[in-house]
Amino acid sequence: MSTFTKAVAHMRSSKTVMISGGTLLAIAIVALIGPWISPNDYMTTDFDRLFQSPTFSSMNLFGTDDLGRDLFVRTMLGVQVTLVVAVVASVVSLVIGVLYGATAGYIGGRVDTVMMRFVDTLYATPFIFFVILLLVVFEQNFLLIFVAIGAINWLDMARIVRGQTLSLREREFVDAARLIGVSTPRIILRHIAPNLIGVVIVYVTLTIPQAILIESFLSFLGLGIQEPQTSLGNLVSGGALQIEGASWMLLIPAALLAIILLSFNFLGDGMRDVFDARQSR
Amino acid sequence: MSLLEIDGLSIGYGGVDIVSGLSFGVDASESVGLVGESGSGKTQTALAILGLLPGTAAVSGSITLGGQEIVGADDATLNALRAEHVGMVFQDPTQALNPYIPIGDQLRRILIQHGLADGSDADQRVMHMLDRVGLPDAARQFRAYAHQLSGGMRQRVMIASALIAAPDLLIADEPTTALDVTVQAQILELLERIRDDTALLLITHDLAIVAGHCERMLVLQDGKLIEEGKTRKLFSAPATEHTRALIDAAPRVDTAASPQPVSGEPLLDVDNVSVSFQERDRQRQLHAVQDIDLELREGETIAVVGESGSGKSTLARSVLGLIPMRTGRIVFCGKAIEGPVQSRAIETRRDLQLVFQDPAGSLDPQMRVERIVAEPLAVHAPDLDGEARKARVISMLERVGLSDAFLQRFPHELSGGQAQRVAIARALIVNPKVLVCDEAVAALDGSVRREILLLLRKEQQETGLAIIFISHDLAVVRSISHRVLVVYLGRLVELADGEQMFTKPRHPYTRALLDAVPVPDPLAPGGRLSVKGEMPSILEPPSGCAFHPRCSYAHARCKAELPRPRTVDGTRVACHRAEELLERF
Amino acid sequence: MLRYTLRRLLGAVPTLLLVIVLAFLLVHAAPGGPFDDQRVLPAEIEANIAAAYHLDEPLYQQFLRYLGGVVRGDFGPSYSYRDHTVSELIGRSFPVSLRLGVLAMLLASTIGILAGIVAALRQNSPLDKVVMGLAMTGISIPVFVIAPVLVLFFAVKLQWLPASWTGSQGSSRLLLPVVSLALPQIAYVARLTRASLIDVLSSDFIRTARAQGLGTAAIIRYHALKPAMLPVLSYMGPAVAAILTGSVVVEQIFGIPGVGQLFVRGSLNRDYTLVLGVVIFYASLIVALNLIVDLLYGAIDPRIRRR
């Protein structure tokens, strides 16, 4: 049994991981095929059916909004956008963070000091406001949002990967490999990287909800995804304006957003337990 | 009735008994040694006496202290017993003292908690206690934090805290395992002297300590008491095979014979090597190793001995190219080698191998034994096909005493001894000429240690392997070293043939080290209080001879002038007074 | 301690400078000037405006001029609120935000720490599971979801509390915004306190204290609380940043005339000087609070202090 299949086996034995992972998978599947099956689409307005509460009759399962658009399809679309933004942004932060952190950690010494001082400096800056500034100055677009979120989140990843690399580098098995004559690239590939995977997987899982949070925050302020496209943040924002008459417009997307974030957080926590247990044995 | 009475004590976790059916007693004011290898249940027993076992432990049987039952007692009862009736000294004083609170306050809190004193009265008693355990300037140290004290001083504070409420029983769990041998002697002497009528239960893996400090001893194996009796009687006529094996495995610094010097070809010449580190934050240089010369012959074992911080590991690592040298030269097989290990010729890298102290840490946790042992072959014998490589791995494992059943194991599935065998197999599979063992047996139990030493000896005899054996433990190196190098604060103190070093040391420091080592023999227990103080910080080395502040033979010259190593009576020694002192040792 | 303080103070300068440079460059890299959306002006009037805002100078001079102003607390005139300087606008709205933020921080730290301690002491009990489940929910639900949902239930359905700032008076109008802001932070602090206290309680020196006969209450008070609070203290820096971010949303939802609302309005109006000013103001606030946290940390942990 390889290390990977063992990790998978451990994850399968963790109830937290299975439940939260299953929930996310189910949401993703429904979000993907829901709009395709539904007779409604996301941008057709229907002034005969404004503020329709959830109903089966016209398949407006989540009701309609102030323009009579079907909220089920819009919400599912929002989930899609939210998940895509989150995953892509996390991949951005993963790539930057791992490369930066591993470099600083493995080279060490003065290079490490300078690189980490830079990260510390960025840490102390209110990045979210920079992102807002960025979105105000330049026209809002999808790409910018990915980049902006990724640019915030890579800091954590870089710190963690750097710390881990640094401690791995000091471990005796790395010294042993150097003495045997294993080349540096091979040491990184065969000895450092495999021992980093656990921590990276855990932190990617925990970065995703943060990315979702930032994206929906920006969309809530009207700086993220633009109409007629939508994301869960936009839907919550729209719903918040209609709470007196059409509370479903707020509650359904809000609940979905909360469930998605909760599931990712539980998934990350569960994975950490799985990997911690493996490390400490 | 005994002061401490343990009857049928069993401690289990998840249905597995760590301690089973243990019964023994400790009388008032006697000293009892509780010995056993790791996993024998010694520490669990100590924690049970204090009622400190975690909630997950299933405890049955009875423990009474002064008639009070401890098993199943409530917190209030236990808290009243602790400190006032039973004091505890833990192994590692660095971890056992709170780093966030001045030590005086920690001691004070005990008195207040038990209603024994408060206000300035408590302060007085704390200072008196700190003074009694030998803390210089106790009034000032009252406000000190643990990290500002040396290891020995921390353990003195720990002892003060255990005795401040005048308990009837003192439990000391491996109280000197984390300390250097000269400090160990001081701490054990202090324990003896200060405990007065307090009974002592001394828990240790080291039979030599029991031999010198306990009237009675108990031997634990796998959670069962297998033997108990007067220490002298047990040492002279052990009733069980296990006790006999424990005594035999305990190395003796006083009598064991060192192997005769070898006359092989010179293999490795370490010439005037110095290693320095830049201290963080500040601009100071830390001179970890200074001007060390060493010549290693084929088939020879040289032990490099020193207390922690003496630079012995740094020396080895710089020879191997893991740490850059500041000055000096290394000649191997007639050719100068230099630079970091990555830039060395592939044959040189093959010929110099290392075995580490922590067997688990030196094996990649993600790899199986087969891959770990085969890895050097991938570099040094890339032409081997899979089959041939596996065959080499299997035969190598057999050489170190492991079967092919271990091929698919992960490091965490190995015991300490097995992991160390795998590490040795990895080092030896490419047939190196020199093997550096950095405290390679320090983390192992006595019996396992002996097997590993025998294995190394066998390899040396069969292949002419030269070994540099780094150790803090003089007793361990005596039986295996052709020659011994003693280092202190990064400098050579003495370099001599094994037999010479152990019978006729030339340097006061070597003499002190030898005297401080306890001997597993109740009739000649060694472990004498031989030298004052502790090794100073390498950041602030004393002037002249670095040993002079602790040396009882120091003259004015020793303070002023650094003694260069010279040859006195066939021994390299760095002492101004070596000739004069010849007669005194 | 003095050296430590000075070093920390000096360390904060490059951070602030970097923030100012980045923000300044970003605004000046904007496509089109600040007056683009207005009708076409005669060339000489445009030049006058440019001169008034020093847009005709080279970039580095503009920057130095701006930096000089910032040091004196002058962020220049606002583009959209023509009669006000940015400093005036911030000065007017900050007290409202400050009150909100301080109350939320107090609420978050008291309840969070208490909940964390209780959970740690009853580790793995049903109570612990409930508290931690709630905390996980708390950190998973964003402020902009909590706030409208609270409004829906407590203001719209139950009508216990006012839904907006402007329509009411007194402290009741503070309650919902403060709770919305504090909830996620309560959750973070509770999780952090629990984890850190469990960690400290498992350390050897706690075992020593137990061996000395100290009871649980005494151990927590004298031995465990100080080290257990260190991670929580470190979190106070990020917590302030999170509260500031959250206040942008909360002020928007409840219509509170604070800095957050100012910031959002400035963003939507493309009022560059205002946005730039608020970003620098927020950054200075965060840097200053991080500095205080650092110094407090040094005061509590003797190993850092003596270094």
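Order of writing sets the labels: A, B and C. Residues in every chain begin at 1.
Methods note: a residue touches a chain if its C-beta (ideal position, glycine included) is under 8 Å from a C-beta of that chain, and two chains touch if they have at least 3 such contacts.
It should be emphasised that the depicted structure is a prediction, and the values quoted were computed from it without experimental measurement.
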Per Cα centroids, the chain farthest from subunit A: B
Pair exhibiting more inter-chain C-beta contacts, B-C or A-B: B-C
CA centroid of subunit A to CA centroid of subunit C, Å: 22
For subunit B paired with subunit C, centre-to-centre distance based on mean C-alpha positions, whole Å: 51
Whole-Å gap between the CA centroids of subunit A and subunit B: 49
Sequence positions of subunit A contacting 2 or more other chains: none
For the subunit C and subunit A complex, residues of the former touching the latter: 12, 14-15, 18-19, 22-23, 26-27, 29-31, 136-137, 139-142, 144-145, 147-149, 151-152, 156, 237, 241, 244-245, 248-249, 252-253, 263-264, 267-268, 270, 272, 275-276, 278-279, 282-283, 286-287, 290
Contact set on subunit B toward subunit C in their complex: 50, 52, 75-76, 78-84, 87-88, 90, 92, 95-101, 106, 109-110, 113-114, 145, 147-148, 158, 161, 165, 281
Residues on subunit A engaged by subunit B in the complex (per definition of touch): 3, 171-173, 175-184, 190-191, 194-195, 279, 281
Subunit A - residues contacting subunit C, complex: 121, 124-126, 128-130, 132-139, 209, 213, 216-217, 220-223, 233, 236-237, 239-240, 243-244, 247, 250-251, 254, 257-258, 261-262, 264-266, 269
Residue ranges of subunit C in contact with subunit B within the complex: 203-205, 207-216, 218, 222-223, 226-227, 300-303, 306-307
